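Pasting a structure below so you can have a look.
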Amino acid sequence: MSEATRAAPSSPSSGWPGLSLLRRCEFVLALAAVGVLWHVASAVAHNKTLVPPPLAVLRAWMGLWREDLPTDILASLTHLGIGYGFGVAAGLLLALLAARFAIFEAIIEPFIEMLRPISAIAWIPIAILMFGIGRAVPVFLIFYAASFPVFINTLAGIKGVDPRLVQAAEMLGASRRMIVTHVVMPAAVPLILAGARLSLGVAWMAMVAAELTGADSGLGWRIFWYQEFFAMDKVLAVILTIGLLGYGFDTLLRKLQRGVTRWQPDPAGPDR
Amino acid sequence: MTDAQRRWLPIPVFAAILILWEAGVRHSGHVTLYPYPTGVTQAAIRTIRDGSLLAATLGSLHRVLLGFGIGALLGIPLGLLMALVPALNRAMSPIVDSLRSIAPIAWIPMALLWLGIRGNAALFIVAYAAFFPFVLNTIEAARQIDRKLIDAAAALGAGPALILRGVILPGSLPIVLTGARISLAFAWGSIIAAELAMGIKVSSGGSAAVGLGQLMVSTLYIRRDVNGLVLYMIVIGLISWAIDALMRRLQRALTPWR
Amino acid sequence: MAIDMPAKIEGRGLCKTYVSARTGEKIQALNNVSFVIGVNEFVSIVGPSGCGKSTLLSLVAGFAAPTSGEVLVDGVTVTAPDPQRGVMFQDYALFPWRTVLGNVEFGPMARGVGVAERRAIARRHIEMVGLAGFENRFPHELSGGMRQRCALARLLANEPEVWLMDEPLAAVDLQTRNILQDELLRLWGDDADPASRRAVMFVTHGIDEAVYLSDRVIVMGRRPGQVKEVVRIDLPRPRRSLRSSVGAGRFVEHIWGLIRDEAARAIVEEAR
């Protein structure tokens, strides 16, 4: 995620040991600057509900840990885990079938093309109608959202294997089965992982949207719960938690991506 | 399977599915419970006749375009700034990335509080969603311009103005346009989400300017019309697809050298 | 032209036509091409762009089938790739996710050789091509010349009786190319007993390279691809001191005279 924003036109690295320290300071300074601006804004607004001051939010956040936050996080992660897990599995399976059987691909392709523009969010009302407000809505939505990027990327990855590599393997005496396991699969891994990362992104969004509108548990739902009481400092605390968690997961996947595809020439790795 | 066969195969398959779907629902007897093709068509005719579909669609689109414009106006300059000033980039990029990972509709409570329910809250969400792809893509676009092209232009005698106009702008256009495409798609998704959230969670949400999202909510809770819901889903999908197709065409037209 | 040793590879009346994906017209890549390569011979194929030399090599390798005619190796018709016909590709086609060692041991692994033994085989060949110490590097960490050596080691690890090379030195700079040519000759047995040499089919754009390396040069013409002339290079071996000898120069001029006009036309006609 932070790949694209990291590499600006390069400044010559002077090798000065203090430089990296200064760089890290820059981020902290920027953070502090944002904090100060925020504090000023809230002082000017003079309305704790309208613009909760940063310290109040921080205090609320720490307090939430003793209250509902752990339960909410657990609920959200459960929704995500089940939905994402099954979504990725479904995407992988369908892609493998489509890669193996041309008929299957010919049949399923138009459906994917038709369903793809219909985002998970459009399914919310029908999901609420089918399952009622509760856990099923976010799980279903996450599952739906997560399966597309994985399917598309896996299929593209398998089909996009350099035919020269297959030829090289044939020339070296590899059997059909060995070509699939030792050439096609490893070659497709970068795109598959990119798909998994994309899926996580859309799954996360779907989770928040679904919990906000159609669930009775989880971080998204809790946002509006606190809003009912106009506890905006708590609302902001939950929002920031959502942001942090989402960023954390993406970073995890990015590190996995980097580690598994060490052999890629491009150090930044497939990002989008 | 020949290419021609591949292209025409969806039609009989699709027709078969529609027929089976219709037959299945009618046979089960639960015609009011499940959506079915002819029911969806009837809902379409009804909502087109009474103008509600058009009004809602235009309402949503109107806010999408506004939000998209705001996102572009704020995002592109920031992106350019961050690309040209490495220190700013290093300082801001973690903040930008963190904010980016907060799903736009999570901000609805704050937006509602600040901007009220008269549609501006939804506009804020859309602008927020549209903003980030522009920032990211503008940075990437500026970064990837081949230095050699700039050097070649300078060697041919071009001054800074010509270099900007003739090398940097065309060079960054493809990626910025891709950013615009992503941004618009994202904005469309966000407006629906925002309208849904407002419709469901805000008790007086129905009195705000009605977009597709609110229309879906009222169909869900008041009319209880499953066919209508499926219809709106299809409309949302169609518009998504149309937006993407349009943007791609625009991209090809503006950057024919790609 | 008769050769004074048993034939290893024989091409009889090879024709290859295919339909251009872009324009839909039928293109005759090869028209009635016949040739012979002896058991211990180094034969180069040269010609202007579009003369079908790479197509010819892929027919011999078994990656494609001729529209008519046949390729015989040891009297047996070629139908599929085989470890006995090792191929070096222009872009190396190294498996990017495998280290140098992993690439070189792929052939033995495909043949079912046990881990310890295939590692030993691989190391031996890695040392033979001068890559000792780089066993655990990934292809993207290697220079062009080193990748070429790795591709060569991978090919040699199967100890094939036929070496098929498709412009293997096209992607390296001229100085590296000269060094690698000498290494190739050494590994082939340029300064050793002729009976120890393998049959080599070497496709290249470089006429001086062809003259320097080969016993015979098959000169092809384009549109349609056919054999114009077969030139016997009777320069003595070992060739290392003969790089810019007068004798070599005469051969180069003769061959260049055969293809110069067509090469000039090819510049325009081969545009995508």
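Every chain is named by a letter (A, B and C) in the order it is written, and numbering of its residues begins at 1.
Heads up, the rule we're going with is that contacts are C-beta pairs under 8 Å (C-beta built on N, C-alpha and C of every residue); 3 or more make two chains touch, one makes a residue touch a chain.
Quick caveat: nothing in here was measured; it's all calculated off a predicted structure.
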Leaving out chain A, the still-touching groups: B | C
Centrality ranking, top chain (CA atoms only): A
Distance from chain B to chain A - Cα centre to Cα centre, in angstrom: 18
Separation of chain A from chain C, taking each centre as the mean of its C-alpha atoms, in whole Å: 48
Gap in Å, rounded to a whole number, between the CA centres of chain C and chain B: 53
Set of chain B residues in contact with two or more other chains: none
Chain C contact footprint on chain A (complex, rising order): 162, 164-165, 167-175, 178, 182-183, 186-187, 189, 261-265
Contact set on chain A toward chain B in their complex: 1-2, 4-11, 23, 26-27, 29-31, 34, 49-50, 102-103, 106-107, 109-110, 114-115, 117-119, 121-126, 128-129, 204-205, 208-209, 212-214, 220, 223-224, 226-227, 232, 235-236, 239-240, 242-244, 246-247, 250
Interface residues, chain B side, partner chain A - complex: 1, 5-6, 9-10, 13-14, 82-87, 89-103, 105-110, 112-114, 135-137, 139-140, 142-143, 189, 192-193, 196-197, 200-201, 216-217, 219-220, 226, 229-230, 232-234, 236-238, 240-241, 244
Residues of chain C touching chain A in the complex: 61-63, 80-83, 85-87, 89, 91, 93-98, 106-107, 110-111, 138-140, 154, 158
